Amino acid sequence: MIRVQREDFDVGAELRALTAHDTGIGGVASFVGLVRDMTSGTGASAMTLEHYEGMTQKQLAEVEAEARARWELSGVTIVHRYGRLEPGEQIVLVLTASPHRQAALESCAFLIDWLKTRAPFWKLEETPEGSRWVEARASDDAATARWERDGGKRSS
Amino acid sequence: MIRVQREDFDVGAELRALTAHDTGIGGVASFVGLVRDMTSGTGASAMTLEHYEGMTQKQLAEVEAEARARWELSGVTIVHRYGRLEPGEQIVLVLTASPHRQAALESCAFLIDWLKTRAPFWKLEETPEGSRWVEARASDDAATARWERDGGKRSS
Amino acid sequence: MKLLYFAWLRQKIGVETEQVALPDDVTDVAGLIVWLKGRGDNYAEALKNDKVIKVAVNQAYARPGTALKGSDEVALFPPVTGG
Amino acid sequence: MKLLYFAWLRQKIGVETEQVALPDDVTDVAGLIVWLKGRGDNYAEALKNDKVIKVAVNQAYARPGTALKGSDEVALFPPVTGG
């Protein structure tokens, strides 16, 4: 289940919705991304997330299908917010459920690495010096490339 | 924060408690283990989790300290239940918060791998043929050994 | 062709979306970027460092050699920073 | 010495915890297991496959060569299956 929305989400409720009525699930891995206060205590630094709406939905559906082909998954939930967010607010949720622990953990890491480098979102930070577009990080590209090297790998 | 308890837990509430008042956190990884119905739809298979109380607390405190030494962590929550549990019920929760996504994801995987092979818990399954102690799996030992090979590694 | 711009590319060009008629000799993504650079200083400045520009054709990532046709939706944007 | 048994080891021995006085020649974990096997058929049967038995001394994992003293708390159990 994929949602792109302004509203906040409740991790506990999303987890219950994903696992209800499926007692074949042995583990659920999740990742929640939060807005960090980049100004280290000298004042709040909010941000605004812009996105390319149609492409986000299409690309997320494709990467979910890829994760399901690589790992034995019972369910996937991806929620990504857009709009203005304050430090401490939740930005993104990835939940993966599987009969097997490693499949849940690996597919969750795969999906969040992918989101960081391929999902069409851009962060505009508010700083004391004005607003600034966040720059992409080489370490994020490296994290995604890892999964490309492991192309054929499928653990369950 | 480490708890060993009979009672169920709420992942959303644990996550909020872990991240409240710390806007330096960029990501929270989690793993929830659930009781799988091993009888594949032919009837419920509950289990009872026995544990060695004093050792569990002591060992969990040590492995939390090890995770904090290896990765830059803002917070760790581990909750492990004991007693009788039905299929679909939550058994264990690992939550790791960090400024950095990879540190949260890796330390969460490390802790659950460790719990599977070192925490003194034993599962007694109820099956249609009577009760049966669950056997340890070689794949779990392999998952833990992976972290020993990576002994000096610290990502953040 | 429908063009969309995002993040600082949108700000520098000063346009969010526009409908353009491509010259016949612009047949792929690389050609589109060259042509756009000639449309004004705002385009030239925004697309100056074209190595960092990402292009999506019909909402899928494209390469410089990806072919274009008039009915395509083409988006240009900087490296993504979501998640 | 305080001894604790868990899971099927506890069931096979039929004892959850007991207080024992160690003979002087039992000085380490390996020696303790040999001594326990001689205490009755239930112990011999439970500890038969001693390669799989885990031992904790004062709530920390021990090896066959780990030294023992009378005030120790020693637990014997099968491989763990929590998580």
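As written, the chains take the letters A, B, C and D, and residue 1 is the first residue of each chain.
Please note the rule applied: contacts are C-beta pairs under 8 Å (C-beta built on N, C-alpha and C of every residue); 3 or more make two chains touch, one makes a residue touch a chain.
Predicted model only: the values in this text are computed from it and were never measured.
Hopping across touching chains, the smallest step count from chain B to chain D is 1.
The minimum number of touch steps separating chain A from chain C is 1.
Rounded to whole angstrom units, the spacing between the C-alpha centres of chain A and chain B is 22. Computed centre separation for the pair chain B/chain C is 47 angstrom, with centres defined by C-alpha atoms.
The distance from the centre of chain C to the centre of chain D, each centre being the mean of the chain's C-alpha atoms, comes to 72 Å. Contact of a single residue of chain C with at least two other chains is seen at positions 83.
Looking at chain A, residues 33, 101, 112, 116 sit in touch with two or more other chains. Every pair of chains meeting the touch criterion is listed here: A-B, A-C, B-D. The part of chain B that touches chain A in the complex is made up of residues 10-13, 15, 19, 22-37, 40, 87-88, 99, 101-102, 104-105, 108-109, 112, 116, 139, 143. Residues 4, 6-8, 56, 59-61, 73, 75, 77-83 of chain D are the ones touching chain B in the complex. Residues 33, 49-52, 54-55, 58-59, 80, 91-92, 112, 115-124, 133-136, 140 of chain A are the ones that touch chain C when the two sit in their complex.
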